[in-house]
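Have a look at the structure that comes next, please.
A, B, C, D, E and F are the chain letters, set down in written order, and residue numbers restart from 1 in every chain.
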Amino acid sequence: MKFVMAIIKPFKLEAVREALTELGIQGLTVTEVKGFGRQKGHTEIYRGAEYAVSFLPKVKVEVAVDSDMADKVVEAIATAAKTGQIGDGKIFVHSIDKAVRIRTGETDTDAL
Amino acid sequence: MKFPSLFTSGRASLGAIALMGFAALPAYAQDAAEPAAEAAAGDPAFIFNTLLFLMGGFLVMWMAAGFAMLEAGMVRSKNVSMQLLKNIALYSIAGLMYWAVGYSLMYVNVNGYFGTFWPYSWPAAGTANEGDYAVASDWFFQMVFVATAASIVSGTLAERIKLWPFLVFVVVLTGFIYPIAGSWQWGGGWLSEMGFSDFAGSTLVHSVGGWAALAGALLLGARTDKYGPKGQVQPIPGSNMALATLGTFILWLGWFGFNGASQLAMGTNSDVSDVSRIFANTNLAAAGGVIAALILTQIVYKKVDITFVLNGALAGLVSITAEPLMPSPFMAIVIGAIGGVIVVFTVPLLDKLKIDDVVGAIPVHLIAGIWGTIAVPLTNPDTSFGVQFIGIVAYGVFTFVVSLVVWMIIKAVIGLRVSAEEELSGLDVAEVGVEAYPEFIASRVR
Amino acid sequence: MKFPSLFTSGRASLGAIALMGFAALPAYAQDAAEPAAEAAAGDPAFIFNTLLFLMGGFLVMWMAAGFAMLEAGMVRSKNVSMQLLKNIALYSIAGLMYWAVGYSLMYVNVNGYFGTFWPYSWPAAGTANEGDYAVASDWFFQMVFVATAASIVSGTLAERIKLWPFLVFVVVLTGFIYPIAGSWQWGGGWLSEMGFSDFAGSTLVHSVGGWAALAGALLLGARTDKYGPKGQVQPIPGSNMALATLGTFILWLGWFGFNGASQLAMGTNSDVSDVSRIFANTNLAAAGGVIAALILTQIVYKKVDITFVLNGALAGLVSITAEPLMPSPFMAIVIGAIGGVIVVFTVPLLDKLKIDDVVGAIPVHLIAGIWGTIAVPLTNPDTSFGVQFIGIVAYGVFTFVVSLVVWMIIKAVIGLRVSAEEELSGLDVAEVGVEAYPEFIASRVR
Amino acid sequence: MKFPSLFTSGRASLGAIALMGFAALPAYAQDAAEPAAEAAAGDPAFIFNTLLFLMGGFLVMWMAAGFAMLEAGMVRSKNVSMQLLKNIALYSIAGLMYWAVGYSLMYVNVNGYFGTFWPYSWPAAGTANEGDYAVASDWFFQMVFVATAASIVSGTLAERIKLWPFLVFVVVLTGFIYPIAGSWQWGGGWLSEMGFSDFAGSTLVHSVGGWAALAGALLLGARTDKYGPKGQVQPIPGSNMALATLGTFILWLGWFGFNGASQLAMGTNSDVSDVSRIFANTNLAAAGGVIAALILTQIVYKKVDITFVLNGALAGLVSITAEPLMPSPFMAIVIGAIGGVIVVFTVPLLDKLKIDDVVGAIPVHLIAGIWGTIAVPLTNPDTSFGVQFIGIVAYGVFTFVVSLVVWMIIKAVIGLRVSAEEELSGLDVAEVGVEAYPEFIASRVR
Amino acid sequence: MKFVMAIIKPFKLEAVREALTELGIQGLTVTEVKGFGRQKGHTEIYRGAEYAVSFLPKVKVEVAVDSDMADKVVEAIATAAKTGQIGDGKIFVHSIDKAVRIRTGETDTDAL
Amino acid sequence: MKFVMAIIKPFKLEAVREALTELGIQGLTVTEVKGFGRQKGHTEIYRGAEYAVSFLPKVKVEVAVDSDMADKVVEAIATAAKTGQIGDGKIFVHSIDKAVRIRTGETDTDAL
């Protein structure tokens, strides 16, 4: 099984969720994060003093999938999350050894 | 020991006759507390009336905070600083414009359609005008009313209008549109001649604000994503119900000043009794609006939407504002309750028309304002439905058309709306530069 | 140019005599400002007394917002909308019920144990009643008191009671229980005959609210997980100390109206001096409560728990409410400080008894209310401990028993408590449908 | 049926003459409503004056909540409970100290430089003092002023000072420093003899608070990381702009009491007209401050920093406080606007000097306070720049030096500042033990 | 070493922490997340318009453990977090190459 | 490629970011988390009752890097985040199979 982690722009979450649902993905987990990257933050002025806001709000989407789904999932996310503008984010994939569904005790692919 | 005179220091003291808590003091100042010589003994009625305006005035001034909190609670967290800023700025502009031109235009030398273009001023310090109350207190009281009208606009257009175009409109609204329209009735102009009746401003203040907001909303368009591709409504929940509720309570409190002091006098037993009646009726109407919205949302939607209940309170208040004195308690409740019903049904209606009104100001102030004005003849035999109708239409046409033109000019010259990108990142980052809640991770999904 | 009469438009203006800021205007309106003919010259005492009720009334009305903010700050974020909703709904219900039946039951034709079952109304517009003040102002002032009693209940039972059963209880409390109990003393009933004394309602308002809350709390049970399996207390911190503090300050402000206007008159020098004394004593008692709680929590717990300090302020206020006039400043501080001490010791005590009182309303309103009532004879020679004790017991037994019965009936008929699952997900999702802070990710651990 | 007398029960009722809403009742109580015998008919001027103090007093009392909210909004979330706690504690201490010694020291038997060391008390219940107003109402009004001065200190020193050392300073400030300094002018001391003028306290209240804060800030040092290694300013945004705005509106509202009731009388037509003038001027000055800050930040920084706009409102208010009566409306706007300009330029200046003032209290209260005091002769011909200057310097030197000494003693004996670690974890965890927003995950980066 | 990531119902956190502590686990990291899965969210009505709340609050628990502890840890979490109701969550396990304790510089198993 | 996840003290974030920037790292993702570990929380008293605050605020920093950078990155974080006091946190490293830059579709090392 593979674990796909995507860092995307927050307003793209709904599009990504829909794209994944269309692929038949039944579950995913979302975390609010802050990203630092090529997309520079902005300079703000507070009470007359400048400061850099270097971290930008992003959303992390995590999906565990069957290995042969992984590429499709990556592609679906990449397509749905793309604006073509800097800061669109990244997708990282790694392998997982095991998955368990807590409710039933099912494991691995059955658990997803 | 001589005490400073009032003008020099602003203080005097009766310390000399103070009674000590534990022991007598060896010596008191002997000559303290010579009362400032009074040119003439006071006229209680003059003082009571003036006091009514001052008290009413500070209560209505407080409504500026109410609108600020209500609106801050109903927008998303990324637009909160902007909404707060607009509210404090509009209150300030209203104060300056109503001095610079508004008050004279509304009340001085009204020719039937408008008054005079001049800044307004008051008797010199230490003197008093003839008449029934101090004119400065009246100015203060009238000024906070115009701010209310401007606040209404701010709520409807939230989350997408740029700061400066909005403020430019506020300048025109508070300096010209509201005062001219106001002169027709409260300034003794043509509508008042005709017998139109609007005790504390369901139409003159609330509907006027609502019409101006409607014109702006039509031109500005809805917030991105408020209406989905298939036309469905995509709710955008407000970020802070505690602030929205606080704002509503503030407005409710302020309304005692709004309606109560619109009696304009409390120097006689019957006037102060009328003010009391107005307080009671105002409260009953608001309560009626709350309970109507509460029951109705439970029945229609199976859950009680707190934002409708808050709107219900305000709609009840707006509804009774045109005639808070004449209704019996029972009628006050009914009039207010119908305001609550209006909210529950017209908020979704506006959405169907794709008019995006962030805080529900159009249902609450415009539609309930019309209802309240229409309802006057139900309890006030000196009025007629026909004249009330003429008044409503006159205010509607004038305010809507002039506002639309002003909005169009502003749009053409400096633009109205932030860019899509700025709307997405939030107006706080785009225009204010200071986020309202910088430390809290908000869900940035929308 | 004719100005609209007061009833028609609610406005007049002295614009005609306005002094311009920069230049004289060519012409003024000549005939403006004919003062509305006054049926009779006003009686200053009547007006002052009425004004006292109106001012006191709007200050106490504002306490509704104070309770709403305090409670919203002391519950978890998942229950905030519900708590806000309950507060605005209960204030509205209190207003309607106190008109529909409460006021008459409490004050009209009291037979010693209760008055009359009828809606209450006021003199017609433009007229005034005989007597010392406008009755509508008295109604308004009394009405906001009953809302206070209901607010107390709301705080104790937060985070687990369903909306509608709570509101049903409020109907009974504000329409019947409070007015009947109130008639015994303020309505001139048997306790007042006996010489019981409760100036502004330590017992009549605060303890009554507290007893009703206690009965509900016993029947409703504690919040899930408030008490651990081994009986240990598992604190559930409130979500927003800023709101809780704001609420406390609002209540403190409102209390000047609560106690001050309970003087019921300010038409003489001595009455207005008494009102002044009451303001000062009220503030000193609250300050005493704050400082006592501050020092005591530092000593006992090594840190200063802000929620105890806030409770301390309120307990100081409740304590002085039974007799805010007679105490010397020093005694006012002592009476208030003992209120603060009560809070610090009885909050944990209630927890030992597994009575779950979310905001500490029972210590603050019931226990400090009893203390304040007991303390009256310390400074008021016309009262006796015996009679004070009888009054306290009478109010306790009546309110507690009747409330318990009402709660039991409501429980049997429609149930009181949300399901365990709903409690877990939060009442905002379960019953209100609108989360208070939808954008902020709250720690959902509890 | 006998109604309870006022002292026994605090209630009476005109229920007997109540008019029923739907039907007449069979019988009314016959003997109700015997008005309490009045020793003497009231003197309207006495009552009006007293009422002015009570109204002004409760409005200024409300400013305590304003400071609490403003400061809670301007600090980081980890220090919010502490800031709230300090504000409610300082208000309480001010109330106790001003009773225990402050008022007498300021007003009773002033020898030119200070008054008498004794607790202060009031006429017994049921009696009234000679003179123009009830002394208890004056005490109440003066007491809330001293609390204002203490609030200023709290804002500047936020986020790093320990609780108890701060409270010890408040004891000294409110019991001794402020009353002694105040006696020079309002107590009829040497500065008032000389002709110094400070109507409502730009210098006596605001600058005094500001000087005390400045002395503390110098000794306490800046917050960790406020100034970077290379001396650059590292902004630390406040956690909640909604609260900061609410606080500002509360203060604005309270200021009508602050300035308006400093007229000290409203028993004559001219006095109440002056109060009205003051209301209008106060509002115009605040609006001027807002608009000046708004435009200036837009021009200088390209965005409108809401915190500057809020400070601008307050600076406008402080600026007009020294003379709210004499200026024409236009001058009031100008005086306030210059206050707004001061804020925008002196906040960064203080940062250059590495004086860390969390809420901008020094620019708003001290610097705008000096400006307001200097500006008095512009509109008040009875004053001179020379004497105004002497007054400003006298207050500055006295307050700054004495405060510095007191701060140094406190520092030596119990220390002033929390440890670096406690500052990092936040004062709420370190000293209060209750976090303000325990459920919200705050960005803990700073 | 293994890295165990569990998505659980928020109110189960305390139980899970206790179960892990009993196993001798000395550290773990918790994140507030939102989950999308078979457990459907609910429909809400705001101002008269319906909308779906599809993301539900969940808590992510992460524990790095020695490989031979991994199964026990998974089991302990699965037991403690179970309510038997839909939405109980998932456990995912993957291998990690390295662990470092920042304070001491200790690595791998010593670092846990 | 390697994926480095560090749990650090929140106030060390800026130092860590700077250290990584100096190494040439161009992006990273930050999450607010709560940590349970040897560093004990504290006991608080709320309304007279004691309770343990066992979770402490921490920050999670995640960086995907080229494999040969991994050690340097771990070292840089370890150095920058260290105070020497208990609770400094942990660094965990695992391998990833794939990385994608959403904006451009670049993959793997190019995507970082």
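The rule is simple: a contact is a pair of C-beta atoms (placed from the backbone, for glycine too) under 8 Å apart; a residue touches a chain by one contact, two chains touch by 3 or more.
Values in this document were obtained by computation on a predicted structure and should not be read as measured data.
Peer 1: Going by the contact rule set out at the top, which chains touch both subunit A and subunit E?
Peer 2: Of all the chains present, those in contact with both subunit A and subunit E are B, F.
Peer 1: Compute the distance, rounded to whole Å, between the mean C-alpha positions of subunit A and subunit F.
Peer 2: 18
Peer 1: Where the centres are mean C-alpha positions, what is the separation of subunit A from subunit B, in Å?
Peer 2: 46
Peer 1: Could you work out how far the Cα centre of subunit B sits from that of subunit C, in whole Å?
Peer 2: Whole-Å distance between the two chain centres: 27.
Peer 1: Multi-chain contacts only, two chains or more: what residues does subunit C have there?
Peer 2: Answer for subunit C, listing residues that touch two or more other chains: 21-22, 44, 51, 55, 99, 119-123, 129, 135, 237, 240, 246, 301, 303, 305, 307, 328-330, 433-434, 437, 440-443.
Peer 1: Multi-chain contacts in subunit A: which residues touch at least two other chains?
Peer 2: 31-32, 34, 44-46, 94-95
Peer 1: What kind of graph do the touching chains make: line, ring, star, complete, other?
Peer 2: Topology of touching chains reads as other, fitting no named class.
Peer 1: Give every touching pair of chains, nothing left out.
Peer 2: By the stated definition, chains touch in these pairs: A-B, A-D, A-E, A-F, B-C, B-D, B-E, C-D, C-E, C-F, D-F, E-F.
Peer 1: Inside the complex, what are the residues of subunit F that reach subunit C?
Peer 2: 44-51
Peer 1: Spell out the part of subunit F that touches subunit E in their complex, as residue ranges.
Peer 2: It comes out as residues 2, 6-8, 31-38, 54-55, 58, 60, 74, 77-78, 81-95.
Peer 1: Hey, which residues of subunit C end up touching subunit B in the complex?
Peer 2: 1-4, 6-23, 25, 27-29, 32-33, 35-36, 38-44, 46-47, 50-51, 53-55, 57-58, 61-62, 64-65, 68-69, 72-73, 80-81, 84-85, 87-89, 91-93, 95-96, 99, 119-123, 125-129, 134-137, 139-140, 143, 163-164, 240, 243, 246, 328-330, 431-441
Peer 1: Going by the contact rule at the top, pick out the subunit D residues touching subunit F in the complex.
Peer 2: These residues of subunit D touch subunit F: 424, 429, 433-434, 441-446.
Peer 1: In the complex, go through subunit A and note every residue touching subunit B.
Peer 2: 10-11, 13-14, 32, 34, 42, 44-46, 57, 59
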